[in-house]
Amino acid sequence: MQSVPALEWHLYQQMYLIRRTEETLLDLFSQGLLFGTVHTCIGQEAIAVGVVNAIDKSKDVIWSNHRGHGHFLAYCDNIEGLIAEVMGKETGVCRGIGGSQHLHYNNFYTNGILGGTVACAVGSAMAEKKKNSGAITVVFLGDGAMGEGIVYESLNMASLWKLPVLFVLEHNQYAQTTPTSLAHTGDLSNRPKAFGIETREIKADNVISVNRLAQECVHKVRTQQKPLFITMHTYRFAPHSKGDDVRPAAEIETAKRSDPLTHMRWALAQINERRVASIENEVDMRIIEAVETVKQQLVLAPEMFFAGRQP
Amino acid sequence: MTTYLGSLQLHLQQLLSVDSTVLVMGEDILDPYGGAFKVTKGLSTKFPDRVITTPISEAGFIGVANGMALRGLKPIVEIMFGDFITLGADQIINYAAKFAAMYQSALEYHLVIRMPVGGGRGYGPTHSQCLEKLFLGIPHITILAPSIYHDPGLMLASAIQQPGPVLFLEHKLLYSQELITPANSPFAVNLSDESFPLVRLTNNTEKTADLTLITYGGALWLPALLQKMAEEEIWLDVLVPSSLNQKAHPTLAVSASHTGRVVIVEEGAGPFGWGAQIAYDLQHAMLNRLTAPIAVIHAENTIIPATQALEQLHLPNLQKIEQKIYEVLS
Amino acid sequence: MTTYLGSLQLHLQQLLSVDSTVLVMGEDILDPYGGAFKVTKGLSTKFPDRVITTPISEAGFIGVANGMALRGLKPIVEIMFGDFITLGADQIINYAAKFAAMYQSALEYHLVIRMPVGGGRGYGPTHSQCLEKLFLGIPHITILAPSIYHDPGLMLASAIQQPGPVLFLEHKLLYSQELITPANSPFAVNLSDESFPLVRLTNNTEKTADLTLITYGGALWLPALLQKMAEEEIWLDVLVPSSLNQKAHPTLAVSASHTGRVVIVEEGAGPFGWGAQIAYDLQHAMLNRLTAPIAVIHAENTIIPATQALEQLHLPNLQKIEQKIYEVLS
Amino acid sequence: MQSVPALEWHLYQQMYLIRRTEETLLDLFSQGLLFGTVHTCIGQEAIAVGVVNAIDKSKDVIWSNHRGHGHFLAYCDNIEGLIAEVMGKETGVCRGIGGSQHLHYNNFYTNGILGGTVACAVGSAMAEKKKNSGAITVVFLGDGAMGEGIVYESLNMASLWKLPVLFVLEHNQYAQTTPTSLAHTGDLSNRPKAFGIETREIKADNVISVNRLAQECVHKVRTQQKPLFITMHTYRFAPHSKGDDVRPAAEIETAKRSDPLTHMRWALAQINERRVASIENEVDMRIIEAVETVKQQLVLAPEMFFAGRQP
């Protein structure tokens, strides 16, 4: 039996946890137990897990987007805080006020408005540099968000001011229902290059390779104090949010053949199938428990929320 | 039966059929998806050259629409959620609204920017706002907000003939609603004879009303309110303008001078909204005839919470409005 | 003698001296130029690391400031002309204003956005506006507008300690003006004991005032108006708030309930401005004590013309205000 | 005596006219006869003249910016309409309401807000393409304006939709007082390239070469129906607007050695000095007359302007 480093088990555990948590959220949605919007990263987990496990969680800053559950769970493993938030309970990380698209926890931030997060990320990188904290900032954005002008303003400033920010483009070929070819010209990686930013590119179906590349990049950003941009080619298996999928079924099926989760499961199962099962079992139990707990929880008391009103 | 959505879809089709200078732009508006709220459903199949799906570049494509409008086309732009109109503020305020007056030119300029607004769907702080207050009082912008008592498609057809930029607000909760007309309404409904009509509703056509209620847009609480008040024998004169960026419609003062009591309801959060100006105009027109201070109800002065129960409490709702009516009547 | 500009310069220097987390960003703010209106003059020489000149990317650098503020720095951002704030609307409304309430977190978050506003210099339609109405009524934004009766530098120092984003409006005509204090004013001046004080001015301390005049910001016509009215034996109680994005200061209603007559003057063009809400609050608080409708004067409801003579007629001016006062008094 | 094509005399005449008109505006400003702002293109005239004379003035569209007098005069030769506009007279092309930064005449448009004009230009290109008018659009922008995100949104859309728009970057090394090195990273020409847009580059001190390149580009844009981006390296000799110059005097002096006006004058004078003098004389007279005429003119009657108010 070949020995596998603890890291790999950990990365698999996180990917599985994200997948199952999001599947659970979709179930809860179908059951009418959850309201609003949910954007899952099913199929893209290798990015969240690979990248977030490359940073220093004690100090580095993350800016995520509308599709942020995976980044969040990889960052803090707080299943209950996330489910409660999405279900609108007071125990959610933002007490149910932000919801799925507006998460904040320690150094983790998201916003439901595309593009602007990238400027904020450049700002947090600048702040940490000024404070000499040694922290870097990672910002996740989609191919669609590359349509926003503020992204280019931000690339320019990050490069101009030599800021420690790692841009992670999750290129899943679609923005909602729009294929990249109807939204962009040229290779998206050329754009950061034009602003003097070094780039990397990877097919993000193997969490180990993603993590290895991310580690290299994080190190570079931290030591050289300048930005770097990684394009991660990926695909989401689930609809944009719920039931709004117009992609060809065959295309989705083909993409699923490079499911990062299945592949890693297969590899690890070769080594220790029981361990895989036990990891999964543990995660399943945690999620079930989290859901049961959250179901019992309350919505934030109105007087608590409205106390924060402006006069 | 025609729904709000159906009317918009129908009239968009007609507009594109009859006028080859009309075109439609926005994010994810192509078939089979047909836009986040389905307003453009079927359109790109019929008019592939004039239905243009855009990158996620709200400022940019409003700018593109500005350029097109100056060159004689009539773009109808969809902003997926009204909350994103912040990104187009410069193109609307410093470009679209200024061209005609700044160039002192009799420009043929037509542009409509459609956007779904409002809460009630648990979409959270950045996908639920009524941000029209951003543009109220900016000269040379027309702001329209058809309710279910208006015909939104007809209004859209007039909007694209209107000179200068038009912001066209569609409350997201209305899309699935059946339009209410004098024929199918349980309450008396009248529409003024204007392109952007003022709707007048009452729960008693015989009696003088006790109170003037003024609102616009979503207002799905209205039928229940009329019913409830009728049960209490409180007679309301309800006025629902569809054109917002102008001083109070004269009929508002007429009604208010009969009732002496006015409640204004708007969904936008916080003070400094539409209602404040309408209240100003009314007190200015007929101070002596007010028997009680004019009251404005708006959503609470904070962000819109994602969690449903609190969202309901955040927005103006039946209970808050009833209570305010009693307060003003007492 | 301290000018408005001098006060801002002085306090900026002090702020950067005493608090190493404060930094200043904007276009063309470095020495020797020191910014389009010279507010940052001398600053980059003293604090080269904390005075950052930016690309022409208003949305982007407000976003950068947002990120910094969330991470514990206190950025003071200059927008070269207030008209360009349209480009930052999204970062202000959907980001800065929402963070604390949306994240339900006791964030230490401080951000001031300074901007020169207003007309009178012939800069034309896109360089002369008072666009604060865009942000009035947006929850969780503080909007400040020091007049020459306030100490703008002191207010700036308080502003950067204020939680949440602050928009800080500096009327461009004020920079060269000497600050008016109780000591050097020909009229009685009082400041309330608040960080963002309400100023009270009168042309007669003995008599009960005939009329309450409420205004903010530029208002350079004020001394001449007080003088002129004094000659006519019309006694004014003039109230000049410095904090705009909130309901009427209680003192306003107190004054209005004594005089029964209110004129509100604001420089922004068109209706739906600050004055409408203040008028609403006043009629709501004391309808019975109003002897005349409240009147609001704002700039004309169109773009600001470049040509000087028309610009003067566009803005509120002494003559228009006088006339309105007579109207309200009669 | 060598024969010189009429075009060259014409280009010189226009450059001279622009230079003298703007010097006159600065004089009027100093005399207090003109109010507000004036941004002159003194030193950059070869761009305005070279490019605008390459288009089809009967139908092509121009979007200009704050520094637009040169583009305007090269387009329509309307000295009186411009001076009157800047002096705020009712005979100005926008009746004195727009002023220096907000000009419109036939197919010529400007706005005082940087960046947004580029999106409008893409829109006018799209309109003309949809209308099959055969017209192209030219948009002038500065190196500073390349800071605005909307420029990149526009480059993307122009390229994506294959629109006939010619971007002309007047790279004068400064934005107001800010040297390019403090505002941008990398070579600005790489940015349009990253959006799949073909680029050209030229030192714009010779109006003939500028015009030749512009002709080639205009032809290409018109026939191939796709965008093209020219970077024109140039320098302004006068302050940004009035008295706000912080550039080293020596730098300005050096730059003046490649004054496109002086050079061409010298070349033409070799051929026919009298003709040069007579051209200049004629222009001088026209400007003097225009100023005298405009001085007598009135400001638009208030009731005329305010009739356009919203109710």
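A, B, C and D label the chains in the order they appear, each numbered from 1.
By definition in this document, a contact is a pair of C-beta atoms (placed from the backbone, for glycine too) under 8 Å apart; a residue touches a chain by one contact, two chains touch by 3 or more.
None of the values given here were measured: they were computed from a predicted structure.
Chains that touch both chain A and chain B: C, D.
Of all the chains, the one whose CA centre sits at the greatest distance from that of chain B is D. A separation of 42 Å divides the Cα centre of chain B from that of chain D.
Chain centres here are Cα averages; for chain C and chain D they lie 36 Å apart.
If you average the CA atoms of chain B and of chain C, the two centres end up 31 Å from each other. Inter-chain centre distance (chain A to chain D, centres taken as mean C-alpha positions): 47 Å.
Annotation for chain C: residues 54-55, 57, 59-60, 83-84, 87, 90, 94, 98, 101-102, 124-126, 139-140, 245-247, 270, 301-303 touch two or more other chains.
In chain A, the residues that touch at least two other chains are 97-98, 102, 111, 113, 147-150, 153, 156, 160, 182-184, 300, 308-311. With chains as nodes and touching pairs as edges, the resulting graph is complete, every pair of chains being joined. Within the complex formed with chain B, the residues of chain D that make contact are 61, 63, 94-95, 97-98, 102, 104, 109, 111, 113, 116, 118-128, 130-131, 137, 149-150, 153-154, 156-157, 160-161, 300, 308-311. Residues 83-84, 86-87, 89-90, 93-94, 97-98, 101-102, 124-126, 131, 133-134, 136-140, 245-247, 268-277, 279-281, 283-285, 287, 290, 292-296, 301-303 of chain C are the ones that touch chain B when the two sit in their complex. Per the touch definition, chain A reaches chain B in the complex via residues 35-37, 88-89, 96-102, 111-115, 144-145, 147-149, 175-178, 182-184, 244, 246, 299-300, 302, 305-306, 308-311. The part of chain B that touches chain D in the complex is made up of residues 23, 49-50, 52, 54-55, 57, 59-73, 90-91, 94-95, 98-105, 139-140, 245-247. Looking at the complex, you find that chain B touches chain A at residues 27-28, 30, 32-33, 36, 53-60, 83-84, 87, 121-127, 270, 300-303, 305-310, 313.
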